[in-house]
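Next, two complexes with chain A in common: one pairs it with chain B, the other with chain C.
Right after this comes the complex of A and B.
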């Protein structure tokens, strides 16, 4: 029996199965058909389906319904009695000349800029770290642990430390920039005003580049060593190997990574909320904070829901376009 | 395939040129400083008396004290929040990983109608912002409480449910990828030997997928341990988690930065230690599951 419990792993089987849908599909019906599995897969899925309904599908439907109603604090206890307002909530939030719409447009703009910069820098740092640690040298394991530490730290503990570091009078950032390097005439405010955007980006990049590093490090494990050996026999230097082998081989990983980083950064609530509290400065007012404020601070769930639905549509659109664009690029000759 | 050796041999038989070595040193030094600066601030400030953390920052503390580590437990009911976080994050992890094992097995090993709908739904819910589910779940909980008297809003159980919004889809997604990488012959052979489908799952697939399951569990636990949004809306004084409880060190008159740093360190050490111990599994799990 023990031989069944811990079977020898056959490399050939794994190679044929992985990523080869054709071989899998041909072999699949063999056994399940013989044992007549019937409802078995559905039974296995049942708990997941029930919970998915409970935490995702039903709330989403309710969220969409809510966005058509006037749902202020008076109706929270029986929201089914909230007056039906058709598209009024949507009209309010996209009326960019009115204060509410203008604020939404501004926070959308801030979020886009924040996302592009943060994803770009996180990818760059993660890539640099993964390539620099690909080869074995003394201290490599230690550095890997060091680089993953920001990822492992609980968000609120890490971000609250950054909030302390950005304090005007007793923070380390002003101490270094002003007292030690003399780069600024007087200590700057980092958590209010325009500087808050810089502070937010720094913290977000610090928080997310280790994930890029982790994913890219995992991706590097899949590049066959023979490629590098062949290249170096042909006389390619290490820089050429990085450019011609490492980067192109990571394309599929990069496609997933950039999408995931984009979604996480765009939806990030934890970082701005811990850094600034529930009223972020205008320059760093991300869309998730904006929706939170209008729902739980000013108690207007109707417009909050309308904004959530619009955000959802935007994310779906971007993701669909991205997936189509990258899958087309994959079929092409490789130049993107 | 479980636990691939990570520290491969030298990648290139040629010795790297000096330009590469120097670039490597500079980049690694910069990234190390960037990654560890907050850790240094956390550790050093947690050892300073209050007067020192409210004054100018000092790289080297003029006076070292471990008082903050004793005070943190009295200023705020930290132990209570700790237990809450442990229960909520632990339960959310166990629940989502257990359920994900069954559904990932079904998706990976069987062909059935509705499979595509299920996987696409699970995948797409993963990209939705938490704020999207927060508002409806809040209203559902409040209304269930009003109509049936079941207090989901503010309870640990309610918070655990909301944490499934992010941990369940991720767990299912990762485990499908991982189970796919386990040779099908193995569990087919077990079934030929007389195991039922559940026998094959628990005797063959689950043991072979341990690295993936560990990776998913670590991820689910860490995310739940660090979650702020749901925790700040869905908890009350009794059920508050660490994510919200840490704000208690900032009072009307004083911000006890030394205690905040000490408490941050205390709540971080278990997760960071666990994560660093298990990170090999995480890379192996990602290699097989997500990065194919």
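Right after this comes the complex of A and C.
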């Protein structure tokens, strides 16, 4: 195992024999052994960690500090002077009998439902398409490119196009469903009222399933074909092959894929914001929009930050539970 | 492996944190206002014309004129209304804003409370020719009473009832309605064969507020009491909101599809002859850009219960308008004042207000015969006699969002056939009021 560190040093040294590396070879021994053998990975990580601090950690800490202050329009120009409110903002947002807490709880419920459906459908479509495109056939490359189009399009342009399509009187959705197919008695509303949730899911799935497709397609290519051939000879049908070979083999890919899709979908802001503007219908009022409204529309950054922190804690908890559960499952299956 | 896992946990945690904590940044700006950059200014203009490109075309020659006069180059950015308040708020929080900007006059008190805008005290007003040059009602809608205004009035507007002459003639109606009862009666004659009597912008929160505010005044109610506390559920306000929604829910003179309009689609419907009336502020240039000829439409005062607009219960419009403000931490405070002076000069006021179809808040410019055209005369008379400013309270912006959303949700109920009752209206307004008080 120790050789994993030394070969690159030797390589550099041997390169140096052709010119400048003599000096480099002389410098290297000056690094303390502790760093050379134990700290080198951390040294290499340092620039990234510093950037993370600057770009993520510092704003996050500021956000947490804000959540303890009364940060309204009276202080946003001078927010370090906003009065300290201790846990008052948190008490307000978790008071589920009051309008703000009630609205937060409602948006949390909507977001959970939205996430489960969107991630589920995205995974299902991605999986189906990836399996379909495993076989070599004429036009497979073209289909792959077409399937990836939603992933490549700019989000704003794509979602605003959906917003036009969902318009009640002039949109193509109602034109097809009502005028051409006659499936509805009268043109439906998609951007207001209860149907807005369906519209949101449709756009979100359309936007995120190509990512699932891409990941699963890459994962499928790592499964040896011989496994399928052997299974086929043994009389396994397509469903058995999927259940016994494909899904277990894709387990590591799925573990990451589902987690990433969950985090992206739960925090999705662009889709509802572009689709509905800054006042989303109740049925589609995702938590990201709700936090945005609390912060930027009603000008209460204190309660908005408190909600953000609670959301962060929730997502960390879910992620931790998920990682522990899936890694246990993996260990278990390995033991068998 | 443990090290890798630790690094992965750090990375994941920080990435996760970044996705959910959007708040951050910000620099404090104290007194601000220097002249470190005397040769340039940045200007955020609100979208006044049919589109952003039209505004650029209109304003660019004027900015060149200003540059020629003063040697100060103005970098123009036209910001859509839907983005403007958020942009201003972000600029206020970060301290990184333009030097000069347009604001909706209804936001004046809210933005004044942030302390980010240069107060227009006597000294600053002197620098642009004095406060007396401006019409009183316009200055009154530039900030809270008793404090130096947060901005200077630039374009004044009021609501009028625009109507399609041909559609009225075809329905056998002599002229525009003067009372709401007449409007409903005429509306029922006009709403047939796929055409509708009145247009609305159900998804546009500000527009919702403007309409229910004027109706609320007619019902003798205000959305805030004298101490600045919200009174959204006052009987008059509930009646006003219900009356507005009932045009769709009960009277059936507004097309259900209008419930989701938020991008001025009601103006397009009007210009294309799909609706016969629309309540709007200075819509002439938009109608013209959509192919309508001036003789196709007429403008009349917004109806009132008695038919005669006037003060108190006969108020039929809010004092609408656009103000021009200076960011307190500008690096060119002298240049910014010069620019405000230029934009509010008699000559520019005449030119710009003529172009946009608005009324100059500068008294001398308002006297120009160009503003005596029939439609502009309606706006002028309304501003002079029967318009009231929206509440100049720091929470005005939140009020627009909370009550505007309540009205938007009620439109959605009406459009989908859910009954809209006094109770359901009161419930929505009560929720909006509670949100304001948290």
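The definition used in the following text is that the second predicted complex is superposed on the first by the 279 of 336 C-alpha atoms of A that agree within 3 Å, B and C clash if a C-alpha of one lies under 4 Å from a C-alpha of the other, contacts with A are read in each partner's own complex, and residues count from 1 in each chain.
The criterion applied here is as follows: a residue touches a chain if its C-beta (ideal position, glycine included) is under 8 Å from a C-beta of that chain, and two chains touch if they have at least 3 such contacts.
Please read all numbers here as calculations on a predicted model, not as lab measurements.
Undergrad: Pick one for A:221: touches chain B only (first), chain C only (second), both, or neither.
TA: A:221: touches chain B, not chain C.
Undergrad: Which partner does A:325 reach: the first (chain B), the second (chain C), both, or neither?
TA: A:325: touches no partner chain.
Undergrad: Examine A:112 and indicate which partner it touches, taking first as chain B and second as chain C; both and neither are also allowed.
TA: Neither partner.
Undergrad: Would you sort A:301 into first (chain B), second (chain C), both or neither based on which partner it touches?
TA: both
Undergrad: Which partner does A:135 contact after superposing on A: first (chain B), second (chain C), both, neither?
TA: The first partner, chain B, only.
Undergrad: Quick one: is A:230 in contact with chain B, with chain C, with both, or with neither? Answer first, second, both or neither.
TA: After superposition on chain A, A:230 lies in contact with neither partner.
Undergrad: With both structures fitted on chain A, tell me whether chain B or chain C touches more of chain A's residues.
TA: The partner with more contacted residues on chain A is B.
Undergrad: Once the structures are superposed on A, label A:154 by its partner contacts, choosing first (chain B), second (chain C), both or neither.
TA: Only chain B is touched by A:154; chain C is not.
Undergrad: Please work out whether A:81 is in contact with chain B alone, chain C alone, both, or neither, and reply first, second, both or neither.
TA: second
Undergrad: Looking at A:143 after the superposition, I want to know if it touches chain B, chain C, both of them or none. Which is it: first, second, both, neither?
TA: It touches chain B, and chain C stays clear.
Undergrad: On chain A, which stretch or stretches are contacted by chain B in one complex as well as by chain C in the other?
TA: 41-42, 45, 49, 52, 55-60, 62-63, 66, 76-79, 169, 263, 267, 291-292, 295-296, 301, 304-305, 308, 311-312, 315-316, 319
Undergrad: If we count contacts the way the header does, which residues on chain B are in touch with chain A in the complex?
TA: It is residues 1-2, 4, 6-14, 16-17, 19-20, 23-24, 27-28, 31-32, 34-39, 41-42, 45, 53-57, 99-100, 102-103, 105-107, 109-112, 115, 118, 121-122, 124-125, 127-137, 139-140, 142-143, 146, 161-162, 164-165, 168-169, 172, 180-186, 188-193, 195, 197, 203-204, 207-208, 222, 225-229, 232-233, 242-243, 246, 257, 260-261, 263-265, 267-268, 271-272, 275-276, 279, 282-284, 286-287, 290-292 of chain B that touch chain A.
Undergrad: Can you tell me which positions in chain A touch chain C when the two form their complex?
TA: 41-42, 45, 49, 52, 55-60, 62-64, 66, 73-74, 76-81, 92, 98-100, 103, 167-169, 187, 189, 191-193, 263, 267, 277-279, 281-282, 291-293, 295-301, 303-305, 308-309, 311-312, 315-316, 319
Undergrad: Would you mind writing out the residues of chain A in touch with chain B in their complex?
TA: Residue positions touching the partner: 4-7, 9-11, 13-14, 17-19, 24-25, 27-32, 35, 37, 40-42, 44-45, 47-49, 51-52, 54-60, 62-63, 66, 76-79, 125, 128-129, 132-136, 140-141, 143-158, 160-162, 164-165, 169-172, 174-175, 179, 206, 210, 214-215, 217-219, 221-222, 225, 228-229, 232, 237-239, 241, 252-253, 256, 263, 266-267, 269-270, 273-274, 288, 291-292, 295-296, 301, 304-305, 308, 311-312, 315-316, 319.
Undergrad: Within the complex, which stretch of chain C touches chain A?
TA: The contact residues of chain C facing chain A are 3, 7, 10-26, 28-30, 82, 86, 89-90, 92-93, 95, 110-111, 113-116, 202-203, 205, 255-257, 259-260, 262, 394, 397-398, 401-402, 404-405, 408-409, 411-412, 415-416, 431, 434-435, 438.
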